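Chain IDs A, B, C and D follow the sequence of writing; residue 1 opens each chain.
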Amino acid sequence: MKTLYTPELAVIKKVIPQTPLETFFELELTERKTLGHKPGQFVEVSIFGIGEAPISISSAPEPDKPTFELCVRKVGNVTNALLEKKVGDKIGIRGPFGNGFDIARFKGKDILFIAGGIGLVPLRSLILEVLNRRPEYGKINVLYGCKTPRDLLFKGELKSWECGGTVECMITVDLGDENWQGDVGVITTLIPRVEIDEKKTQAVIVGPPVMYRFVIKELKARRLADANIWMSLERKMKCGVGKCGHCQMNEIYVCQDGPVFNYAELKKIPESI
Amino acid sequence: MKNYIVKKERLNDLIENLIKTNEVIAPVAHENFTAFAPLSSPDQIVWGAPQTVIPPKQFLYPQSEDLLAYEFSNDEVKITGLNTVKERILFGVHPCDLNAIGQMDRVWAEKNIDSNYPAKRKAMTLVGVDCLTPCSPEAICLRLGGLDPKGRFDLFLTDIGNSFSAEAATPKGEALIEGAVAAKAADKKKLSAVRKKRNLIFDKKEKKLLPKYQDLPKLMKANVDHPVWEEHGKLCYGCGSCNMVCPTCYCFDVQDYMHVSLVKGVRSRVWDGCMTEEFAKVASGENFREDRSHRLRHRTYRKLNYLFDKWGESFCTGCGRCIKACLTKIVSPLEIANEIYSRKI
Amino acid sequence: MSKPKVGFFSFTSCEGCQLVVLSMADKLFDLLGAVEVVNFREASSYKGEDYDVAIVEGALSTVHEIEEIRAIRQQAKILIALGACAHIGGINCIRNFDNQFEIKKSVYGDKVANFDSILAQPIDAVVKVDYYSRGCPPNRDGEEFVEIVTAILQGKKPYIPNFPVCVQCKMKGNVCTFHKERPITCLGPVTRAGCSAHCPSYGNACIGCRGLVEEPNLNAHQETLSGAGLTVEESLKFYRMLNGMMEVGK
Amino acid sequence: MSKDININVHHVARVEGHGNIVIDVQSGELKKVELQIVESPRFFEAMLRGRRFPEAPQITSRICGICAVGHTTASLRALEDALGIEPSEQTLLLRKAVLEAEIMQSHVLHYYFLVAPDFFSVPSVIPLAASHPDVVKRALRMKKLADDIVTIIAGRHPHPISMVVDGFTHIPTEAQLRDALKQLKTMLSDDVPPTLDLFASLKFPAFERKTDYVALKHPDEYAYYDGIIHSTETGETRHRDYKNKVKEEVVLHSTAKQAKGPFRPYMVGALSRFNINSDQLMPAAKAAAQKLGLAAPNYNPYLISAAQVVESVHNIERMIYLIEELLRRGLKDETVERQTIAGWSAKLPPVKKCWGVGAVEVPRGVLFHEYRIDDDGLLSWANCVIPTGQNLANIEDDMRALVPTILDRPQEEITLLLEMLVRAYDPCISCSVHMLKVDFV
């Protein structure tokens, strides 16, 4: 009997190591044609005998594309085991879960994407979605910060996001190395270099918890309204379906009502950031 | 609602008969407390005081429950679902616990339906019993709306002397009581006299709630930074006792257990408690509620604020279990509300 | 990991932990299917020195034992401390709080100079320990021990709770020992769960055999214990039955 | 015949704890015979000093992982002797049942896991699991049932939980006892006969040396829980006078403190008990003795193992009897009625300065605990005399008598025979060093 907690099987189609810690996966479900997700949603990845972990979907929704993509950092049991898997192996998937980004809200707007570290993974699903329909949006900026050049994700792909110069991508690292020619410094140092139209700009931030506070401060200094700031939160999750209680902050279940939140809402919630 | 009246001996006969064909669970003596356990004779039932150590939620949402089982053979994994449901009659459930079950019915059915709970719930017949005096010095049910069962039962018994008055809220309850010899339509007057007296006793014995019941969510919201959280929180063990014994706590943890042969395993869920250290800690080491005081606030808010707001009633039903269980006496939702109310900052 | 080679070793202890392993009945058969035992003096006269996994029972209480554990650590890729003596020093540490010379003299009298022993200490006071199978003794069904072995075979971190015994004690529906007719004081609120609250479930108090949780609230516990009538000194003695090492820096 | 033999068995295997056998024969003359105990010191008596009396059973249980119930029982009996407490009939029945169960599990472990491999010429029971799975499964089954019975009554094996002064903190359910009863009966009919067949077919080495045999003796039953100290050489001693019979002595050549009689070493354990009390064995155990060719008195220490087999049959029968008796009386939940004295209760019952002795038969022989309690309920002094300590000197005497008779055999065979002799005594070395350590070699 199938329940909320029964995973479907998915086959691993591609495995591409990104950095020493992170690996990219392309997966295809065995029972359904497509996952049918929205940008910003996540799945519960299940390794039988080890456990489950919530992982963001990193690909844009494309109705005809049977596969979806994940990018995983090894930090513990499930993620370590996942990184041992090879093409052809089967893993369990439940989802998609979460609210995802409300794309309608971004139509015709300038979008400022700000990603810290592994935050680029969920953000990529939205970036790709937007780029797929580039003409429907205004100015687009992607700011991406990492600890070191070794930690950069989707390196090969970042260039293509510039869409022949219609998108501006800026990358910074906290600590450069001998080959690094680009910017050095925390991500907030990039913000002053972006033109922000307070009426048109929507900022979307995904990164580690500490990043939010500093980035928001910077954006507020640029007079961006709270309602125009979006973010995706991380919390401990066990079920993904709003039952286990782990991700709850105040009355909100991050797995159900999030992980994407508008800052104007989030601000009212103690314990959120 | 249909009303009956049934002589005590007749009810005993009824239970005796039910035991023969059903699993009948009721509070029985457990050292100086009671515990819900399968009956082998109606004489075992302890009507009234003292309260059971853990609430009846264990029969709807057991301490540990396998969510799936799987087996590996030649690199293929076979998933098998598990769902064991047993018909059960729960006898002698206090009003606070009836309310809690009613509340659990709502939360488990919200949005995504967790079929494990409703399956067990459907197979359960709930027979409540009215409390005529508080079952423990810790009880605060009258104050928090737990004393009136609000129709959340199949059958509800009230001791009116030589007989029980029995209210049936469902056809299941009607069928059950009509199985008793000489169940008659009831005398409602007597019942309301008993209830009136009951309320007076409870009002005299239970600790007062200083703020108005309806104002609790507002009071909580306004006092996120009240010193009471820190003062009480520093004496918190993070032992989760209050979570485990609460009829309206339902958080869980999920773990996989693999057989040492590595060919089969299960994924099961186990009760978890938001007061424990690692409840909100993620793999990177970040703990979103590191402070015991924040965890205490979260727990209290769930009872008196979030769920109260969402469903229009306190999710502390006032059973008093956590107040007893907490060894450092910090957790009582009523005491916390009173302290906040009388020490506005 | 393909069938790892396992050696069992024993230091100052009652050897009950090894016995628990031998008593696991069906699970023992499963385990023997998954690992190869090459050294197990209590059960076997064959002594192989080519083990990958060393399972060590007992506390260290002589200079000789310290040398031996160093040698074992050198050989073993993985070292598991089995039981409270190995994990926290256990019962052996009671004597650490008395005058060592007096103790020895009381036993050996005028021959005291001939005898030597050092303060009892857990294994990780001397070498790195990879896994702890806790308890005095580890629970008989060996759930945690088997969980650790299984986790090693799977290459994962075993699941060992870091919350107090009370969580599991409550799940069991036990009457708290503090709430009995005649209360007995309990170390459950500060002791790491994982035994399903074995002792309170059998009507006695937890004596802390699984060691403390990572962040025990000792102030709260002192409040509870003095509320139950113990002086601070008595409380310490209570802790020091199995958790003497706590104050020595663990 | 003049022959040099030098045997040094480092850490005898398949015994509990660390011990060495050292034999030195020069020109056919026996120079040195030692059973060296190299286990680390434990200092239990010192650890008990200053602790509250209800802790004594919990602490001393940790002397030994095999006979933890034995230590607990001796400890409780010493405390109750001191405090003048008389436990209820039900408590006595339950305590006797756990003790029988523990003795059985220890015996099964010993004769199946530790002794039998010698006769199959394998190093341990592990290869037997593959070659003789039915034998190993039977052994595990027998051990498990005994362990299970300890568990349902006392909570756990080793280190019982619910056994406390004046009773139990937890009473098993009748359903649990009925289930155990059923299994015991099945065991008696299904597992005992093949066990007897197996051990009757083994050829134990022939060797005899008469010594002083010591065990408890009781008018009503084959004594384990209670009795007077009986010696085949020196007669009877009350338990409180045990020191008249047992003289503990530090021997520098060997390691553990040896307990001897006032005149000569003596033997304790299954064979001693058999020699003294065999007429009180239960019927199937008597038949088992016959089948194994064991008749009292028997002077062959190798047959301690056979006596253990006989006793384990007796254990099963006694458990059946005791459980039936418990069920017949109906179990009372005395944990509520009687206030048992456990752990750190806020208040101890008022105590006056007192002392007491507990003497109990445990798998390897008679065990003594002696305590002094002060006015605050703290232990001011303790002494524990362990069976293995009592046997050590006797084992050495056996070796002294045995070696000259087998000097003509190859050294490996001599070594094996000596190891088997030590193993037959089932020494519990962790126990024997509960307080003592001599550094050597």
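What we mean here is this: contacts are C-beta pairs under 8 Å (C-beta built on N, C-alpha and C of every residue); 3 or more make two chains touch, one makes a residue touch a chain.
Bear in mind the structure is a predicted one, so any value in this text is a computation, not a measurement.
Trainee: Between C-D and B-D, flag the pair that has more C-beta pairs in contact.
Mentor: Result of the comparison of C-D and B-D: C-D.
Trainee: Measuring from CA centroids, which chain ends up nearest the centre of the complete protein set?
Mentor: C
Trainee: What whole-number Å value describes the gap between the mean CA coordinates of subunit C and subunit D?
Mentor: One centre to the other, that is 24 Å.
Trainee: Between subunit B and subunit D, what distance separates the C-alpha centroids? Give it in angstrom.
Mentor: One centre to the other, that is 50 Å.
Trainee: If you average the Cα atoms of subunit A and of subunit C to get two centres, how far apart are those centres in Å?
Mentor: The separation of the two C-alpha centroids amounts to 44 Å.
Trainee: Can you check how far apart subunit A and subunit B are, centre to centre, with Cα atoms defining each centre and the answer in Å?
Mentor: Going by mean C-alpha positions, subunit A sits 39 Å from subunit B.
Trainee: If you look at subunit A, which of its residues touch at least two other chains?
Mentor: Where subunit A meets two or more other chains at a single residue, that happens at 49-50, 76.
Trainee: Send over the residues of subunit C in touch with two or more other chains.
Mentor: Counting only residues that touch two or more other chains, subunit C contributes 154, 181.
Trainee: Quick check: what residues of subunit D touch more than one other chain, meaning two or more?
Mentor: Residue numbers touching two or more other chains: 335-336.
Trainee: By the document's touch rule, what are all the touching chain pairs in this structure?
Mentor: Listed by label, chains in contact pair as A-B, A-C, B-C, B-D, C-D.
Trainee: Taking the complex as given, what residues does subunit C use to touch subunit A?
Mentor: 154-157
Trainee: Can you name the residues of subunit B that touch subunit D in the complex?
Mentor: Touch residues, subunit B against subunit D: 31-32.
Trainee: Using the touch rule from the top, collect the residues of subunit C that touch subunit B in their complex.
Mentor: Residues 27, 30-31, 33-34, 146-147, 149-150, 153-154, 159, 162-164, 166-167, 169-176, 178-181, 188-190, 213-217, 219-221, 223-224 of subunit C touch subunit B in their complex.
Trainee: Help me check something: in the complex, which residues belonging to subunit B touch subunit C?
Mentor: On the subunit B side, the touching residues are 30-33, 35, 52-54, 58, 63-64, 234-241, 243-245, 255, 257-262, 270-271, 273, 276-278, 292, 324-325, 327-328.
Trainee: Quick one: in the complex, what on subunit A touches subunit B?
Mentor: Answer in residue numbers: 1-7, 9, 48-52, 75-76, 79, 89-90, 92, 208-209, 234-236, 238-239, 241-246, 248-251, 256, 270-271.
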